[in-house]
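Note that the chains are named A, B, C, D, E, F, G and H in the order they appear, and that numbering of residues resets to 1 at the start of each chain.
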């Protein structure tokens, strides 16, 4: 076992990127994501890579677009308002099928908001904040080790599917320090590189583009993307179950709030309430499969979210509206406590208990 | 001895070549190409000096010059 | 007889998609010839903009990347940072580089990014049907300045090359025209130098080329060249606006 | 076992630093650790607070609602965080800057004039370490030895004088707490 | 009755804005929306207004932000990639509660795409393409007269709720010419103007902003927005029903495709199939109420969309997954024909019929 | 005894949120004094950026609009176009106006928008903890240039006022400093002129003020002023960089 | 009753203009009307087509899958749109630029050398109007009188010469169609 | 006769006023204000000329000058 070190969430992401062979980072500072560019500015050059602070977030995502077209591993990171600025670029990356890794350290929104954690960019991340019918693969780590492991894997997934991958964390996970084992990255499989542009030496020239001159061609490309997204839906749904097996009620939550939810599950169990947790690790594709065994079995579900109810729609669809699904939410950078979530679960599902 | 050749599939009948030729060496022909343009053809061929001015100005690289 | 003028190896056989008489075609041909003459077709990655020139990837024989409107330089910077030994150039309309892309134009130049940019200035947005561009001349009618560009409302035209020349990272800036055979040859020289600057790794190079848009100007190709000569050339600073000592010694 | 600790004061009083030392002390003991900062929007002059959890098993919720322990270095922090100490918990208060007009009976309040004590050591900046020293005897999962090791790592053993100053401050605080 | 005139969809929008008292337009050309700025450049100055072609779409939405803060009626228009660029600005407009009217003439995406019609920006429009938990009021006209009427009303709605309103059309509706009655705008109600900035003469100064220094304040603001969106959901759901009353099957479709669907409904009825249509007019708030009477009654539904299935999620939720909901889609700028939709309906719901 | 120096009516009572010794405070005070002296507090709408100065709306007694990072000028243009008779100014950090906001800075100036912009240049991004800005000097250490700004990688610093002065719509551009009482008074004069230019409707006016960031520079307030004097003032073009005849005649 | 008409040719051949004239003719008769353009991505030189629906009741689907009538001005348009004419429908073809090697038995194909006929009127640009004239006798919902009114509106009655040229072209086409 | 008054609630102890005063008219006091700063106080009050240099340099508008 590699010795654990204590690191900030953002720094862990940065270190994982280096370990994954990321050679280029283009970014623009924004709290609470800035430690990522700062850490990389210090350490990536030593690993033979380049960090460039771009003129803005649009410049950064465009540089990623260019660098990814050459087959290089490339990353950018920002936080909510900065991610909004990248939406056109992300749509282009998805359309040109470029493997870019993007980190969003979700802060409070809309507008300038505050620096606290929120999960208010769930829709933007999973349904496509940019124009057109594209999807990002969205990973939602919830602790230090996972920040490390999933960041490394994000690069492989991006290469495998030729699709941008979004790592969605929040101001809490980004700023928090926890021990992490900086494991060496397992070897990556070989990826198809027959599409990259690096000078047409001894081969036919290649073009990276995202337009269709005719509607017929446009439809064909859209169908190709659709097929890819279908494959992703089949193969890449990920989640963690925690005391779900025999649960009467499920909490569904990801990232920071999923951790609080775990404590709630334990507290509930101590009180005799059969509560369990499903923690989506991929937000897109949403782990619908996780809900299959439960949709006829459980009596109800609660999503715990740092927004006014976004993931709840996907949970309802995954459960086919077979059981009531409630929302417990805190907003504006506030985090729920174990006690208030448990109280909500009790009030909602076991109103008798309250009196005790 | 010089000669110009107009690649008619490229020509769009903009007539910039005609305008620039000091020898009156080109004119609009009467054939329409696949894209719907009447194309330019050489005329007064013996006068052509191969100066390439027409080719230099052709926006569609439709002219080859031989000398 | 020997062929003394023909299609460059830098060009694919695809016919240009431009309107009759549009000088975009002349400029692309010149770039292709330069790539061939410097023997860098296989080393080069072009970046295309959105605009009439947006389909240029089909016309060249080198690799190409096409991105969003205005972002060609930022994309080019990303490519060059990933492949510092390759040659990267952007081909952009005036709207693309001096309108929506100004942000990247300024910072690309300030950073001295080692790429070459060709700006094609036809004083309006051609592709979208002839709207005002930042380069539209005073009083000029476009579809969004139907009463002529009134500077009180719409502001003054921007001479981007002049601005770029003032930035430390730009080592070569030239403003040229393709209105006559002589100027076409001049333009080719400037383009060639701009690529040689990149080969030598000296910094950022920009060549702005005044170009026509017969369709949206509502003029014949011939009249368009004349209009360009009489209206645009007097307004825009022409010639080599900047060449550092190192560039001069190339 | 789990120690949940809240630390608060003016930005610049070294609150984050106490947290880091505690977190590293946890690492030294191979514990599970979670350190969470919370800054105000201002670079300086606002209040800052952070929280540390030390635990001998996996830490699920990283959020401290009610803390077992706390250190507050100024008045606003005292006012804000006194209610957030668990009944039966311990709160170390820098009485150089805080007046203890309101107290809680169910909380063990350790008041000490930390800024003044730090002055005595020649540097008001180590008031934070004085307070840490005062809290140490109460913590379940760490102790002086681990904190000393942590300080070596965090300050860096090459900055000898600074290290010694910090250690002296911790010791001074510990002594005071015991004297209390 | 005012005499009908033949106009392009985009020009109708522009004329309606003038009629609604729009005094400022900030935009940037992009096909297939450009006729809006072109028409206004010609006609708005005559009506005492100002058109400014901005340096880019971000400039345009920012100018709208500033102008709206003064209480002026203001509009911008663009098409898909340009709308992506406005996402940060839209999030700020929503957060600062500024009444801006935004037109998206949806074209083919993602990336540069093509110029044909698509409905691929449904998610972006309705779920919030920008960061943070905000919503736009989204109106989806489907013919010339509605383009006119809804554009005029968009200004009133924006003022009433102090919220950006998005008019979502597509390349087809924008370019099409149809007769339209240019009715004078009905008088607007009086709106609260106590928040506008126009110089603090004889009053306390005012601030238009969108940040929260503390999480507590942040949460309070988020709750305020949530309450407003709830009110919108209660009061502003709109839809049209077409042969829905006795239907066994429902098509759900909006905009261009809803018109094709109407022909399909008639063709189906001729064949004896009890098909009906629900046409959402507000896409957000989604007209859930429309589905209440039908969710226990119908046997199935089909959404006809120009995307790989976006609105279908809202339809399933509105129907509480009580009946199967299918998708019929064309992509890349292609439009479905009446015949192919009807064939799909028959194949899906009346497989026996096919043989006939 | 008479009060010869006190808080201007342009300032609310709210204490500044800046770090000790940060000269953002001096500059804001000067603006407030100018608004009072020109008697335009009630006519003025300020636009605040994102950055340390981002909370300036709380400190003034005039109306204020706060928007997204880098967009203050575009927002200001929207306000001014809606209310041409009011006074509109933006207060922006160097990162805000010369980094992410360059696009708007260039086009605001080119169009001659009739607003006043105050740029506060502390050579880095203060708010976010001291990253490189486009204005960061060669070799200067910041958190994103931990080994000093290497121009080969990060490019050259931008002297925005110089660029702006080259645009036709900018009629008054000044670069000043607040490192000494004398220069503070000079700065006030420049700010006052920039507002008078707007009152007269002459065009766009920019005042760039060199300012300190003791926190991120890692220097005491006093050392910071010295550093500014010895490093920034020699690099940036100082003084009135542009004043058209009309402005001179004001 | 409903007339669904498709019009196609090179960009620049005035295809959109035919559509506009037909649409305005519909307006003149107080019909429901829907005109839909479809440009290629190129400003010029590509192919352009548009469609017009005239109807005496509300037009639901604006999309023409199979048209009742069509005019094609060049070869690519003929090849593309011949299959899109309804069985029993009518297609006017500019045989100056189209060869009729492939035909359909179930479609009434009216070939006429429209470009040449237009030349005869002194302006090749009105080939489009010649074709419109040729189609007119077949349409259900409009006729020459309405088209003449429409032309007055679209061309503008102040541009007298141009108007007369267009009218002459329409008439020439009508005559030719009848002669056919 | 001149006098400076320090509005201690605004003062952040940056000491720029001290540095700039030609008369040594200000020094760091020993009281801490509500925001945690030791605030500056007048000293050698009789020497103050009311030149306002201290106020001009004060970034927090914490100084009033009377004359």
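To be clear about the criterion, a residue touches a chain if its C-beta (ideal position, glycine included) is under 8 Å from a C-beta of that chain, and two chains touch if they have at least 3 such contacts.
In this text, all values refer to a predicted model and were calculated from it rather than measured experimentally.
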For chain B and chain E, chains touching each: C, G
Identity of the chain that, by mean CA position, is farthest from chain A: B
Chain centre separation (chain B, chain C; CA means) in Å: 26
Chain centre separation (chain D, chain G; CA means) in Å: 85
Length of the line joining the C-alpha centres of chain A and chain C, rounded to whole Å: 40
Centre distance in Å when chain F and chain G are each reduced to the mean of their C-alpha atoms: 62
For chain D, residues that touch 2 or more chains besides their own: 41, 45
Interface hub residues of chain H, defined as touching at least two other chains: 12, 35, 37
Where chain C touches two or more other chains at once, by residue number: 18-20, 54, 66, 68, 102-103, 106-107, 127, 129, 134, 154
Residue numbers on chain F that touch chain H, as the complex places them: 1-8, 11, 15-16, 18-26, 29, 180-181, 184-185, 214, 221-222, 225
In the complex with chain A, residue positions of chain F that touch it: 50, 54, 66, 68-70, 99-100, 102, 125, 127-129, 131-132, 134, 143-147, 153-154
Contact footprint of chain C on chain B as seen in their complex: 1-3, 9-10, 12-16, 19-20, 35, 37, 50, 52-53, 55-61, 63-67
Touching residues (chain side chain E, partner chain G) in the complex: 4-6, 114-115, 172, 175-179, 256, 259-260, 262-264, 266, 335-339
Touching residues (chain side chain A, partner chain E) in the complex: 58, 80-81, 83-85, 87-88, 91-92, 94-96, 106, 108-114, 116, 118, 120-121, 123-124, 127-134, 209-223, 225-226, 229, 307-308, 310, 313, 316-317, 320-322, 330-334
